[in-house]
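Look at the two complexes coming up: chain A is in both, with chain B in one and chain C in the other.
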Partner chain A sequence: MKKQEVICYIAMVIISLFVLVPIILITIGTFTPRLELYKWPRGLIPSRFTSDSFISFAQSYGVMNGLKNSITVAVLTVIFSLLIGIPAGYSLSRFKFKGKSLFTVGVLTTRMFPIAILAVPLVKIYMGLGIYDSILGVAFIHTIFAFPFAILISHSIFASVPREFEEVAMVLGCSRLGAFRRTTLPLVAPGIAAIAIFAFIISWNEVFAATLLTLHNRTLPALIVARLEATTLDFLFASAFFMLVPCLVFIFIIRKRLLRMWGIILR
Partner chain B sequence: MSPKRQSLLPFFLILPAVIFFLIFFALPLISGIQTAFTTPEGELTLANFEKIYGKSFIKAVFNTLSLVAIIIPIQLALALVIALLVNTRLFGTSKFLFICAIPIALSEIVAGIIWLSIFTEKGYLNVMLHTLGFLKQPTIYLSYEKPATLFMTIALTEIWRATAIVMLIILPGLQMIHKDYFDTADIFGASRLQKLRYVTLPMLKPTIRTSLIIRTVLAFQMFAPVLVLAGRAFPVLASETYRIQFFTRNIHLAAAYALIIMVISTAFVLFYMRSLRTRWSA
Partner chain C sequence: MASVEFRNVTKKFGDVVAVNNVNFKARDREFLILVGPSGCGKSTTLRMVAGLEEVTEGEIYIGEELVNDLPPKDRDIAMVFQNYALYPHMNVYENMSFALRLRKFSKEEIDARVQEAASLLEIENLLDRKPKELSGGQRQRVAVGRAIVRKPKVFLFDEPLSNLDAKLRTQMRTELSKLHEKLRTTIIYVTHDQAEAMSMGDRIVVMRDGVIQQIDTPQKLYDHPINEFVAGFIGSPSMNFMDCTIVEENGIYADAGIFKVKIPEEFDLSKYIGKDVTFGIRPEDLHDREFIKDAKPENTFTAKVEVREPMGSDVFLYLEKDGKEILARVSAATKAEEGKEIEIAIDANKIHLFDKTTKKTII
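Moving on to the complex of A and B:
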């Protein structure tokens, strides 16, 4: 092995450890007996591993409800983003029309604002509409985060499927919708699944808007923020571990598409 | 299907997106500006801005800008290093890429709690220092009296969490640079460093600009790590907005705060657009 390669490997190991060690530590922390977290001196590895903190987190007041809210909001965000994003992405990939570039610029502009901050005026608007402190209201603002991604990614996925497939199907007697459903849709399905996962993660993780727009119907992150000042380490560690696991699973599923998807968004 | 209907189809398909954009992006933006400049009674006023202007506001602006100034250059450099390492295509780089990308899937609040487990009084940093024999009694890092330490822990948390975002923007940009440029540089005997300085970085300018814009904008809504690690001891713009909204229940003051964040962040975006203008930029 050349000297340069050795240096590269050392750098890769150091950076990997920087990313992974904190995740390992929170995992250890979650399964450490609760009292040991406050003991001094204490060792890195606890005297025994236990799921006590985890169970008491799951059973503490509001958590199950928060979990239900988080999942509902995330699923709604996925549905809205796909319903809004896929037709628009399809339109951008298949048609030339007036205002197309204006529309694309509009979509891109959303990235240039700290959108979460829009939650502040939305409080007022939501109160007027009667959807303040509701699952639906949070899902709407999460959709604003996620749908530009859905449009840009689905646009490029559709662009990679030749339109001739649809044309042939239409010649053979399919309607436009039928042609789309029978030819393009099966080909783009994995890409759309990746968009759905992405939208789910965006919503599942979002803190600021969810905190501002809810009082009782809190999602998990909003619940944790509300409890911050009056809670224990074991509750926090278990909550972080609990929020972390689905994300790790999801990112593992879409790992192959990750780079391509971000490559699209950067333009 | 009539030709007329056919030609309307593309508009019909983007219509939901346009309506959604107008209701949940344009409307709150306009309503936010209006709310910031009016009293609860609906009169036009600048009083909201006068009311929020004060010691904690200046502190929040200062803290936010210092975080931006420290975090973003470090993230950019680290992201570039990671991207260059991935691009060597040595054995194992795809696993390395996946590991580096993991934090992108993590919530701000999760990142905050993870680093809390390290920096809290009986946390893993003190435990490790104790095990290695450097320390008898735990040091307190996260305290109101240590703003510099608070700053460093928050910066570290953000670097850990959000470098992945920058890296995943830089890497495709790096891979788009045509191999011919490097081959030419080789023919002229350019060293590694020279290639980085005269080929890679200039070609990456549009990509770097995009990553700077996205990352800076996200930094202005940074919220949860600050709250987890410092509570109220380290005010930043987003956490102050939250505090005002929740404790004064005055939406006009909060809207004024939100507007200021929008203005500062837009100023940054415009600055990047102007100062990193390129021939290739869209």
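Moving on to the complex of A and C:
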């Protein structure tokens, strides 16, 4: 092996450990008997594996409701992001219009303002609109976080499909919409699925805005964060594990797709 | 089968005029070529026929029908694009049958038409392949096949050979010409390559900056270009141009400084006497003096051979005299050597003169 390759491998191992060790520890902690968690000194591998912590977490007050809220918010975020992102991305890739580059930059600048500085005005506006402490309200703010990515990614996906595909179809007998449905859509469908998953994850993981804008209708991460102060180790492990799993599963599903999309954007 | 007619058609993109008051008619069954440098509006013109661009002003007719507001799908046309635009998620058969499936043809009819087109294009053995498994030339054939199964009134080709290598391009030129013979459908074909235009078209429309310069058969364009632009654009290598003055001394002469050519007497240049004009001569109308026994002395000049480029059938000589560069295409038998002087005879019957201000052809 060359020197560069060796360095590369060492870096890969370090980065992997950095990411994997906490995940592994959390997983072990979740399935360790509750009392063993407080023992000192404690071995890495518990005396037995049990799903007691996990079940008690799932059954504890508010968790199931939080889960329901989280999923509802995430699904709404996906729908809103796609509704905004696909037409916008399509237009960016297909049409010339005044202020196009300004629009692209503008989309990105929505991510320039940390939510923290907007916190107070946001709460005030939400109260004024009557959507404070509502599922829809949280979905709106999560859509704000997700849609710039939805636009930029769908732009790059559409740009990778030559416009001639649709033009040929139109000449050969399709309407504009029919041409899109028959040629471009099947080609971009996997990419759009990836955008949907991406938006889902953004919403699933978001804590701050969800905490800020809700009181009773908390999403799962907001609920967990609210309880961090006064809770037990087993609850912490189980909740961390619970939040982690969907992300891991999704990352594995869209891994290849994601790499290809970044490739397109970088080019 | 149908003609395609443009009446006073103008296309603007915002303030930019892409196509300016264009009038022409592609006759029924004609192979008409639109040619011009890039950005001259030829592709836009073609896309207006297809309905992919809206017409700003004027009227387009396919056959007797005004098509300005007809969507592309109702125009009964087929188009082949430069990048082929074959659908990667469909195999060759599915690509070729796309238009027929849209129109809900019966399975037997689709099969018959695809097979017919495939055998015409010699791609029967590729029908179950995906586009990415095909070579450039094969993709080109499939794209053409997808267009011909339609049996449309008009074929539109937008630079279809530009992505092929030189040898394949020449071969496909011949095949497309043959295909036109067989199908006898009206074809409008866009290219920036004047050689392609010359070799394929029944007639050629030369465009520049959105304006039609000349519409004529290839030979007429070559022999009688209407202005300096067409003269320079058609023909390869391109025509030599130089400044000259019309003078009268026992007949009328074009005086270019390095030589003086006698203007054949049938041309009346009396109103140009004493004026500056542009002199044009094609490289093949300059000959090695040695092979022209009866060359008149006034139509000859000597120049230094800078570069000698043998092309097999003939030789390109890059000549220099008094700072002026001239290209001559002479017989391969020439004894010209680089760095030495050669005597060149000008074919006075083939000279062109262009007005300095209007750029129009005088003779």
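The definition used in the following text is that the second predicted complex is superposed on the first by the 244 of 267 C-alpha atoms of A that agree within 3 Å, B and C clash if a C-alpha of one lies under 4 Å from a C-alpha of the other, contacts with A are read in each partner's own complex, and residues count from 1 in each chain.
Quick note on the criterion: contacts are C-beta pairs under 8 Å (C-beta built on N, C-alpha and C of every residue); 3 or more make two chains touch, one makes a residue touch a chain.
Keep in mind that this is a model prediction, so the values were computed, not measured.
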Contacts of A:E167 with chain B and chain C, given as first, second, both or neither: second
Which of chain B and chain C A:I14 touches, first, second, both or neither: neither
Chain B versus chain C as contact partner of A:Y90, first or second or both or neither: first
Which of chain B and chain C A:A230 touches, first, second, both or neither: neither
Chain B versus chain C as contact partner of A:K39, first or second or both or neither: first
Contacts of A:L177 with chain B and chain C, given as first, second, both or neither: neither
Which superposed partner A:L102 touches (first chain B, second chain C, both, neither): neither
More chain A residues in contact [chain B versus chain C]: B
Chain A positions touched by chain B in one structure and by chain C in the second: 176
Contact footprint of chain A on chain B as seen in their complex: 1, 7, 9-11, 13-14, 16-18, 20-21, 24-25, 27-29, 31-32, 35, 78, 81-82, 85, 88, 90, 92-93, 96-110, 113-118, 120, 122, 124, 127-128, 130-131, 137-138, 160, 168-169, 171-173, 207, 210-211, 213-214, 217-218, 220-221, 223-224, 227-228, 231, 238, 241-242, 245, 251, 254-255, 257-258, 261-262, 265-266, 269, 282
Of all residues in chain A, those that touch chain C in their complex: 162, 164-165, 167-176, 182-183, 186-187
Of chain C, residues touching chain A in the complex: 50-52, 71-73, 75, 77-79, 81, 83, 85, 87-89, 98-99, 102-103, 146, 150, 156
Chain A - residues contacting chain B, complex: 5, 8-9, 11-12, 15-16, 18-20, 22-23, 25-26, 29, 37-44, 80, 83-85, 87-88, 90-92, 94-95, 97, 99-100, 103, 106-107, 110-118, 120-125, 140-141, 143-144, 147, 151, 176, 201, 204-208, 211-212, 221, 224-225, 228-229, 233, 236-237, 239-240, 243-244, 247-248, 250-252, 255, 258-260, 262-263, 265-267
